[in-house]
């Protein structure tokens, strides 16, 4: 389990785009991963909300790492596809994406993830993802 | 039509996140929008490919603006949801997202978009999106 | 609430296709609806499992009615889109689709639903849906 | 190619649910499959339109068989997931689902499909699907 968590942390540290977004890995448990991202003006869309693509990026990484956290040792994961529903404008001080494995298979793992806006300590659901992740044997 | 195109260009210019990605609006026609984004190391995931979230961000913006390009004057658009299939690793010098309106409705417009990697002048399909956009009367 | 439940029951009774599938409305609560469907050889695909389309049909109806159960009086609902992940072969004596409202909005309601195969009293998750339903004022 | 087409025709003939719907295989080409289904009162939802689940069922089968038509000999296919947008009420004398392979991979094939209502010889787009199909070596 410590190994699993390390594997996720090492991979996350190599995602340059997560650094660009200011995202951080908040928690890694078997089958469950949390990623946070702060509000920043340079991540907004035309109305001043966080761009759907930013929220989707952290949801996608959270789903991929939730799948990786339950994958066999030495295996890698690859996002095959995902669907996102944007439920409320992404307004808040910061945002957290929480992914959970819904079904882990030998080849395909399905994850569900919710994104919340955090404002004055209160959380509001702003988006939800359903994602298909493929598990691959690495070299 | 000139007005429609201007409306899209003005809104795009206000998307701070597109600037952060280095994305640019390549073409706006009624019902069809193209957005380009260059390869940059700070947009990559753990394998050095462009992060799925970057590709999704430009696909989402392209779909939203394709919908806006056919919306009534004074109307705004909002992404309700989208689904993305990641078809090939996003490797290339630059990437282009091409969105087209599939069906424009009074309240709901559905767009399809493809993302291509461009390498030495050759294009390769790397992702495809199907998106639902809502049209709203702005006050 | 009694009214809400009646509204769902009346509409369900008019879905000829649910009769064709042998489906029945198992439970209606505000924001949560369950629909059951038995195994029948004439609902199978080439491997003898229940066809994904059958499971999707009851998931879709369950999502629509979950949305209707929280809609204003006199409003109607319409499925805008849905995504289904097929998690395991649909093998069992009967199947149940359980839908819940994830976010109810004035115009758009998002529902999540799971389908389970029931065999010897045991339940197994076989599919999951994320659906967008539009609420409309009826004449 | 004749073999590919036969393989699809044989599998389709074993889908009991397609018979239940009155669906028929209209055309099979490498990477492209068409399935038709007539209007029938017992396939309708509460407003008298064809149920979204019926349209989805033929779209799903069409996508699966489009993937099978390009799969290696002896391989089988399995729907992993799909997303459907319902674009217009399914009103018509009959309906046709047209699926095309968007990208064929060794393990994962992605298909896009449109469903049309046919009325007095005229076609109207009523739904669109984006589907992920897995290719498996059969024993």
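Lettered A, B, C and D in written order, each chain numbered from 1.
The rule is simple: a contact is a pair of C-beta atoms (placed from the backbone, for glycine too) under 8 Å apart; a residue touches a chain by one contact, two chains touch by 3 or more.
Since this is a predicted model, take the numbers as computed values, not measurements.
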Equivalent-chain rotation between chain C and chain A, CA atoms, steps of 5 degrees: 180
Chain whose average C-alpha position is farthest from chain B's own: C
Whole-Å gap separating chain A and chain C, where each centre is the average of the chain's CA atoms: 28
Chain A and chain B: spacing of chain centres that average the CA atoms, whole Å: 21
Interchain centroid distance [CA atoms averaged], chain A/chain D, Å: 33
Contacts with two or more other chains, residues of chain B listed in rising order: 80-81, 83, 85, 110, 132
Parts of chain C lying in touch with chain D, wherever the complex brings them together: 11-12, 14-20, 41-46, 50-54, 56-58, 60-61, 78-86
Interfacial residue positions of chain C with respect to chain B in the complex: 80-81, 83, 107-108, 110, 132, 134
Contact set on chain D toward chain B in their complex: 83, 85, 87-88, 102-103, 105, 110, 112, 125, 128, 130, 132
